[in-house]
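So that we are looking at the same thing, I have put the structure below in structure tokens.
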């Protein structure tokens, strides 16, 4: 009897704990009051509207989108060949490559941002945006390599060999046989990378400059001076954006199989 | 498997070189500053760091909280993963989606939600005083408890997902077999589930522990300067005191802790069962 | 709009010297407060006037100073608004240039205290503010800085961290109230240390206080007058204390980065910001108190701001040199006694 109740109770409490705060943010964003409060004092869409009028949010949103999309693409361009090499060849320094590429996950973000600022931006006069771009690419690279590797490992290599035997070039075999079959994995990597990059805070803390900020940093800055529900509204909107992207991916490709 | 090594290297090199130049080198140089006070190679900076009580407190606290969050998330994780794995396929997919949902939301938003929830006039306190557990609202914000809760919510999904993966890879008849042989649930967990899902626990544990060590926003907002952690201390050193040496000392310590945790957990996973 | 922005950002990212703009760009580094008001009242009119583009970086004074230091060889910022003490730190680090006050048409109109706050000709004050205690008038009455430590209040108090601009002044006043006002602030820091478990938080961002006051986490906190506006919008009664030891405060100044290529534009901007017209507008909007003596304010505005030369002189400010020389020591004592 207790065993039967156990499951639903656990799951219910779990969902409350994990999703509850998100629902509260949504509720708080619909408040007509002046500060972040739950339960909200009255309902109104004014804070949601206000978000769109704040110019710095528009700029930093564009920056974050740019970094997330192109950073992840760059990580995939670098990572897919690497994943292929790790999975299909007996690479001499396989473990080393794997470790180097996975390091960004372990090193604290603040250190990454600081190191890049002091040793890349300042001495070489790198453009801050470029440094941010490099940093985000490096941060997403581990996910690109790992997820695509997992996908490749699940794909039998004899299909490729058969294609080559039948006259295709190696490159042709790669594009016509391998890629379509790991499409789901690549998409999963893209989505993971996108979300990771978009929500990234510590790295971007130092790599921001006049006119160059990512959206989370901008939100933090905004909160430092104005504590009103527009932040809740923005957070809710962003969350829906992320969820929307993932939902679409799930719909079209059932990508959860590849994570 | 293809054998052409040159090809393999050519494919893997761009990624490795990129990661090295853009990431490894700058970070390594920054870390070396911690060993380099005044031109000579020395551990003086580390001695100085640990000689201050505040630093020792922060170090122990970070370590302890990391362990606590990992342990609790393992317990809850197993319960949740087990429940989810036994759901019918539709429900399972949806639950997994819901569990993954928080990972999509910016940590900034999640942390600020907790301020509202844990505040004196927030729901938790409203429930506590309403139900009569306490006459006065409790102070929950700016305590270790608040940081603990924030970190737990942040990383629990990672543990759950790892354990789900591990539980699904378990042989399907292991548990029923044990039950038939008369094991109670505790024994089933300890002698069957745990050994067979070790790998998942290791992966999840590493992710949670490392994440807790290097989390920034959650301790900064929910704990403030009353609950300093290594990462928030490091930020303070850099942005306020411009003390890059201290910062690199802290960074190195954090990295070592992560590596150590990783290696330790891997050891535990591959250790043979002592029977 | 997104695509064009992304494309132009990509272009800028790929050219190491930055985008070659058709018009000149002035980069300023300022406090994050009231940027919406600044935009309408100051930035947009200036951009129209000079035909140039303004790029704004915001943050708190110390962090921005650290960035300026990091960018020393290749300055990114042309003009910065920082605290008096940070201006002295910048000048000691060789980051800023002398201000040629002859080029500022509005210089003569400034209060004397604002003309050369650090005595080195490298900064000009543009506003000053008082720092006192904001408190729930229905829960308590604050007559002295030491009231913050009273047993019935201390569990509802937030105090500024020593790393913030308000920290040392507040500590200094606390020391005065306790009769232990030495320059090393040790008396005040120790007193705080004894109550460190009771005090709600040692805040680093003053904006959080409004939320905390709203949520009843705190009933009182020392703040700078520039944060006051947010408190007035709460639906709990909050009052500004006039303790018997007096109020403290600070002055914010403008500095010119050394090696900047746009110093002439920066001077134009400085002059614009110091003009009677702009200072009056900013004051009427309750953004910043004027440092320009010719500004005449309406009564409503005057009551809400730190206004007038007499007021400026009555504030007990910590001299910049003292602040800088003791900063490291304060931090050490703080970490020992209060840090946790």
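Labels for the chains are A, B and C, by order of writing; each one numbers its residues from 1.
Here is the rule we go by: a contact is a pair of C-beta atoms (placed from the backbone, for glycine too) under 8 Å apart; a residue touches a chain by one contact, two chains touch by 3 or more.
In this text, all values refer to a predicted model and were calculated from it rather than measured experimentally.
Engineer: What is the graph distance from chain B to chain C, where chains are linked when they touch?
Structural biologist: 1
Engineer: Using C-alpha centroids, which chain lies at the maximum separation from chain B?
Structural biologist: That would be chain C.
Engineer: Per the centroid of Cα atoms for each chain, what is the distance between chain A and chain C, given in Å?
Structural biologist: Centre separation, chain A to chain C: 36 Å.
Engineer: Just curious, how far off is chain B from chain A if you go by their C-alpha centres, in Å?
Structural biologist: The mean C-alpha positions of chain A and chain B differ by 18 Å.
Engineer: Which residue numbers or ranges of chain B touch two or more of the other chains?
Structural biologist: 115-116, 121-122, 238
Engineer: Could you list which residues of chain C touch at least two other chains?
Structural biologist: 211, 215
Engineer: So which bits of chain A are touching at least two other chains?
Structural biologist: Residues 36-37, 118, 223 of chain A touch two or more partner chains.
Engineer: Which residues, counting only chain C, touch chain B once they are in their complex?
Structural biologist: 62-63, 66, 69, 155, 161, 163, 196, 200-204, 211-212, 215-217, 328, 331, 335-336, 339-340
Engineer: What residues on chain C touch chain A, complex-wise?
Structural biologist: 1-2, 5-6, 9-10, 12-16, 18, 27-29, 32-35, 39, 55-60, 67, 70-71, 73-74, 76-77, 205, 207-208, 210-211, 214-215, 230, 233-234
Engineer: Along chain B, where are the residues that touch chain C in the complex?
Structural biologist: Residue list for chain B touching chain C: 52-54, 57, 115-116, 119-122, 137, 139, 141-142, 224-228, 236, 238-242.
Engineer: Would you tell me which residues of chain A are touching chain B in their complex?
Structural biologist: Contact set of chain A toward chain B: 3, 6-8, 10-11, 14-15, 17-22, 24-25, 28, 36-38, 78-79, 81-82, 84-86, 88-92, 96-97, 100-101, 103-112, 114-116, 118-120, 134-135, 137-138, 141, 145, 157, 195, 198-199, 201-202, 205-206, 216, 219-220, 223, 231-232, 235-236, 238-239, 242-243, 246, 250, 256, 259.
Engineer: Would you mind writing out the residues of chain A in touch with chain C in their complex?
Structural biologist: 34-37, 55-56, 58-59, 62-63, 65-66, 70, 117-118, 122, 125-127, 129-130, 133, 209-211, 221, 223-227
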